[in-house]
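The letters A, B, C, D and E name the chains in turn, as written, and every chain counts its residues from 1.
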Amino acid sequence: ACTSNENPTSEKEKPAKLVISTWGFAADFFRDEVYKPFEDKHNVEIVLDTGNNADRLNKVRQGNSDVDVIFLSDYYAQQGIDDGLFETIDRSKVANIDKIYDMAKAPLGENYGPAYTVAQFGIAYNPDEVGKEIASWKDLWSNELEGKITIPGITSTTGPMFLDAASKVSGSKEFNEDKAFEQMKMIMPNVVKEYGQTSEFVNMFAQGEIVAGPIMEMYFADLQEAIPNAKFVSPEEGGYAVMNTVNVVKGSDQKELSEEFINYILSKEVQEKSAKAKVDSPVNTDVQLTETEAQGLTYGEEVINDLLVLDMKFINESSKAWIDRWNRELVQ
Amino acid sequence: MKKYYLYLLLLPGVLFLTIFMIIPIFLTIGSTVNNESGFTIQGYIDFFQDRYFIGILLTTLRVSMITTIICILLGFPAAYYISKLGSRKKAIMLLLTIFPLLTSPVVRSFSWMVIIGRNGVLNNLLMSVGLIEEPLDILYTPTAIIIGLVHLFLPLIIVTLVGVMENIESDLLKAAESLGASRLAVFSKVVIPLCVPGLVIGSILVFVGSFTAYTTPALLGGKQRVISTFLYQNAITLNDWNLASIVATIMIVVTILIITIMNGMAKKLNPKG
Amino acid sequence: MALFTLQDISVAYNKQNILKDFNLEIEKGKLVSLLGPSGCGKTTTLRLIAGFLQANHGKFLFKDKDYTKVPVNKRNFGFVFQNYALFPHLSIFDNIAFGLRLRKIAKSEIEKRVMNVLDIVNLKGFEKRYPQELSGGQKQRVAIARALIIEPDILLFDEPLSNLDANLRVNMRVEIRRIQQELGITTVYVSHDQEECFSISDQVAIMNNGVIEQLNDPATIYKYPGTKFVADFIGFKNFIKFDKRSDYEDRIELSKSGQVFVIQKDSQMINTSGKTGAIRPDNFLIQAKDTLESPLENGLYGKVKVSTYLGRSYQYAVETSLGDFTVNKEMIEPYRAGQEVILGIPRNQMVLVD
Amino acid sequence: MQEKNRGLALFTFLVFIFLLGPLLIISITSFEGGTILKFPPEQFSLKWYKNIFEVKMFLTTFNTSILVSLAGNLLALLIGVPAAYALSRFDFKGKSIVNAFFVSPILIPGIVLGFTFLRYIVVIYQLPIYAGLFIGHTIIMLPFIIRVISSSLSNFDFSIEEAAESLGASKLGTFFTVVLPNIKSGILAAVMIAFLESFNNVDISVFMTGPGVSTLPIQMLTYVENYFDPTIAAISVLLMFITAFFMFMVERLMGLSYFTKR
Amino acid sequence: MALFTLQDISVAYNKQNILKDFNLEIEKGKLVSLLGPSGCGKTTTLRLIAGFLQANHGKFLFKDKDYTKVPVNKRNFGFVFQNYALFPHLSIFDNIAFGLRLRKIAKSEIEKRVMNVLDIVNLKGFEKRYPQELSGGQKQRVAIARALIIEPDILLFDEPLSNLDANLRVNMRVEIRRIQQELGITTVYVSHDQEECFSISDQVAIMNNGVIEQLNDPATIYKYPGTKFVADFIGFKNFIKFDKRSDYEDRIELSKSGQVFVIQKDSQMINTSGKTGAIRPDNFLIQAKDTLESPLENGLYGKVKVSTYLGRSYQYAVETSLGDFTVNKEMIEPYRAGQEVILGIPRNQMVLVD
């Protein structure tokens, strides 16, 4: 970011600028509870670039944005790493890494950023509207849900996970691309709209446009706010782990401050706040939550360890082909 | 002497547009027919062999066509009515027509989300009067796009047609009457033929507008993609600038084609207009 | 017998009366023109006859039937508009055939009649063209043909020539008169050009402010305007308001400020009891004050205020004890401004108006 | 006859319900007290209006929008006024081509323009996003500026220019002392119309977002995707007020005829 | 001595010559008007003098200095436009003061001079108004005042009265003439209204197709048009192209198809060797063929084709062995179409033109 300041008329030293690229979600919480204290402490001005994973990553790819720190899901972070967009991280500067779940420490390798939250990708539904219980991924294929669900688009982080789930529903043990797409075709009549960001899911759910669909658990609290009876289930076949990582963008002129910020994000203080606000599930093991506090969060060692984890490298290699097939075979 | 002034006055605008618009557009178009090995139209061959791409193009054209037809059907009678009003009432009606035209398309599309959603105003109304039992699924369908686009462009066609109808000399209508024409005959034999040029201009505006609209399909379209959202997706989400450039070129070409064809049609229909 | 009659018609726009107790009778086969200044209600009268306008009260009789409420398209009156009002989207043929097509006449018959009427208006060979491709005079003739072809009971013209240039105007008015007389169509013709009306009409109605001031044949109007307005309108620029009028067997004596004027008494003059004398600028006699010529009839001393050369004649503004007069005179040696002169009024050149 | 007109009147009335109803409904829902948009509202509250001012992004993007529209407007005027003047004042070969050239930004699909601006102005020319936004908006405003000012110049009697010259004024002096004062209102109307076009623009701005840079419509678009509370309805009402005010001004300045002559 | 001179001027628009080898000299203090049909180049000449237009070649001399390339704003010539061209955003005062302000004249002086010129044009008390608040004639006077105040070396008028109504036109032309003479300003006045030019000018230049056909004082032009074009333009509607011309001491004999006509020979007639005779419609004599009256001078048999009432007189189109003639005659009992008549041409009423 541009920190040079040659304007002699300003009296107080103008704060440095830290550009953070993140989702648009819960913006107010982050601004007041997370960024503000950091800004005050480090005399820095935090500038946000918000949007979904893909759009934000592409902006960094195009090399014309001056982002320092970027929040991305593991799927996209892997793409960024493959394209050489991120700085390696000096783990000694990020002391709090030691305090988080092992799974979250280096999901994409030691050189790159940790996951600051792990979320479960499962199913949420409105029992009043669905009329029966949903317990497994394959329940989403039910005829009764015609025109009433949404699924993540293939370009979103959870897209490949749902594709994997489709493969499982089709009965294949190992991931089978053809079978998965066959299975996906069958669910399309139920789908009103693919969602690109989870907040769209929340909107549609609240508006009654949909009654069920696969979603990350961390958004469940918002669903409940709109529809108190809403339920979240870990499907029988297993939920998936979504790891949201944080990285420093190559060419950042604020590398140290960025690492400081990553460390700050992993701190017990921040992790606890966002857990209690039901914004993000904590990865910091020091964070202790009561049962009610933990509701809607993906919390606890066992829960975390049960989650399915996909191989991001494999997904990345296949994603181009999948996107193509998806557009070609499913949309329209 | 005069020439020199003229160039001086036009130069800044010509330069600005050339550098920032014309050159980029030609480069974009150029990039679609160039690769490392030189000239190629492979990109277009691929595009037009791909049923998915063709599907998007055709859907967009179909949506635009339907939108245009609905706009004409709704707009023509309304415009005729307005053009016959006294000047004060006409001014008010025109203001009311123009107001939505100048209102942000985001606002206008959003308002339709509120209305045609499952729990929206329309479904609540219809259900409460017992016309339907299950809410209608309109939002996130092509129908929703069409509704939004009609709302977006109807004012345009009304305003255009009122302008044309106002310019029909009232003596022409009187002349027809004095020759024995009933009101219906005046309308069908004089008013409608004389409105053809305006109708074509209006249709071009609506069709091209619908064909290239982004906000409305993005908000109301659901999984239905149209050419502009497809361009956006390729440019931003998928970072496939080759395909995006091809789509952009196709949009330009189709737009120019539409304008040319419809202008030609207008000339044919009204050779002496 | 009158073909049609306007009886006590009143028309108002926005509560403002435009025509007031308007009466007009027109005989079959005649061409009557309405002449008057702008805004006097000529067009309004014509539109009323055509049926474009409804009277607030009064009656319109046509062939003794009450036509007051008959709609335009049932009247079968032809209307020729000032700006032609040709249908721009139709060829000349189709423009002219318009009225016949509405009457569901057979195609071959239409063809025959269009050709016939094109012949009448001298436009053979133009049938394939479009209105934009014609000159003003040709357009006007198409407009006439279009009105003629429905064999209208009345033909109405609203300043049909005012958009044409001077030469064409003269030719077209001869043409219109020829066609009207050939076909014997009853015609109402509106114009504000005096010469045009005089040259074309059987009768001229001079209108002012929503009423007809005088309805007569052109020569009578020219010679014997009935009112001051009419006199002024047709060129009697000079008026003398006398104090006293005495009628004798063969003459009328008028006096003002003690000065006595004598004019010839003729049949027309008996109709009015007016005491205002009107004289055209051309009709004064004028001589220098200190001339040796014989004294002028009805002489009056004056002084030239302005002298203007008009080509044909000189025009003088002359100041007299009875007011300023405008005098035109053809002469070689003009009077100069300031010169004292005597004006004379021949006894047959002054008319009396109300 | 009367019957037919009544039918037409009813039809027109329904068309206007269709046109204006949604805007009315959204205005009403902005006063909803709950967190979900409802119609008719269940409780009355102004809290969503307050929320506009609490969401920082709305204020920043509003500022950006205003700034970009105003600055772009200024540049478009500097470029457009001389061009409009030349196009109205002089007859020259290829005038209609030059005219079409200046109006061409309207004819090229906005989304295509946006994409090419991103691709070339931002990525290839390496100008900052702000500059891209500014240039892009200038370009889309230019046709409106030129069109409106040309139309006000078309009523302009250029012989007053010659009158001024014959009284001793230079060419430049003439422009400032007699031309400009007389097309003031046309310029003002042009500014407002161009401003609205730019201020409401999505197609171009959607490509020109970056850290801290985004325009209000884009922010609203994002917000609609993320939240479905009445804040957007409240903003909509405010925007409609701006639109109505501008329309009122333009109507005052140019008369309605501007809108009907397209 | 000439105040300014146009020497062999040519002007072309788009390769088309509008003025060709145009020459004109105007003396100080004179009012010269350019009269001619539309499109003949009157405005072009005026704009050339003003400097709005550059000649393709030729010279413009002013007070013997070459002014050809001097720009408009350095010429100090006043221009009065047909449509007034007042500055709508300035008050009358500011409109008139415009030229003085540019000359950086002291405020008090400006005030004095504006008031003075307002007095000249009779517009005292109007200085606070805006152009929209004035009538046509008042606007025209402001335009004149605005041009006068810079004390122009030449005053140029381009059809200054053609947007005014007939009455006002007459008053304004008297006004313009008065001011011009009072201030002694050299003036070029363009119009296509013959009467206007004749009444106002010291000299009239009749233009046709980019050249001056005749430059003379008004009376001479009226009486002795030099060319067929001029004759036609000022109302000699009838022309006879004779085969032979023989000049004698006191008369000229002309013959066509064996018929001989005799006209008076006077000083002007010597200047031309033309064999075309021109007669005004008013100047014919006419009598019925079978009349008992004395035979007419230069008699000619004919037949009335059309007879039109013009009010003042009747107009006849008469067919003769030498062609059709237009004849005007005041009379009570008009001739009818078809009637055979004899036309006479008084020997002093026919002029010969080239």
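Brief remarks follow.
We take it that a residue touches a chain if its C-beta (ideal position, glycine included) is under 8 Å from a C-beta of that chain, and two chains touch if they have at least 3 such contacts.
These figures come from a predicted structure and were not determined experimentally.
In summary, the chains found to touch both chain A and chain E are D. Ranked by number of C-beta pairs in contact, the top chain pair is B-D. One inter-chain figure worth recording: chain B and chain E are separated by 58 Å, centre to centre, where each centre is the mean of the chain's CA atoms.
Chain centres here are Cα means. That of chain B falls 18 Å from that of chain D.
Between chain A and chain B, the centres computed from C-alpha atoms are 38 Å apart.
For this pair, chain A with chain C, the centres built from the Cα atoms lie 91 Å apart. In chain B, the residues touching two or more other chains are 120, 236. Shown for chain E are the residues that touch two or more other chains, of which there are none. Contact with two or more other chains is made by residues 62, 196, 207 of chain A.
Chains that are in contact with each other form these pairs: A-B, A-D, B-C, B-D, C-E, D-E. Across the complex, chain A meets chain D through its residues 1, 19, 21, 24-25, 27-28, 31, 47-51, 59, 62-67, 196-197, 199-200, 203, 206-207, 225-226. Every residue of chain D that touches chain A in the complex is listed here, in rising order: 35-36, 54-57, 122-123, 126, 128-129, 209-212, 222-228.
Listed in rising order, the residues of chain B touching chain D in the complex are 2-3, 5-6, 8-10, 12-14, 16-17, 20-21, 23-25, 27-28, 74-75, 77-78, 80-82, 91, 93-100, 102-108, 110-115, 120-121, 124, 151, 154-155, 158-160, 162-163, 166, 183, 201, 205, 208, 211-212, 214-215, 218-219, 228, 231-232, 235-236, 241, 244-245, 248, 251-252, 255-256, 259. By the touch criterion stated above, chain A contacts chain B in their complex at residues 52, 54-55, 58, 61-62, 147, 155, 191-194, 196, 207-209, 323, 327-328, 331-332.
The touching residues of chain B, counted against chain A in their complex, run 50-52, 55-56, 59, 117-120, 135, 137, 139-140, 222-223, 225, 236-239.
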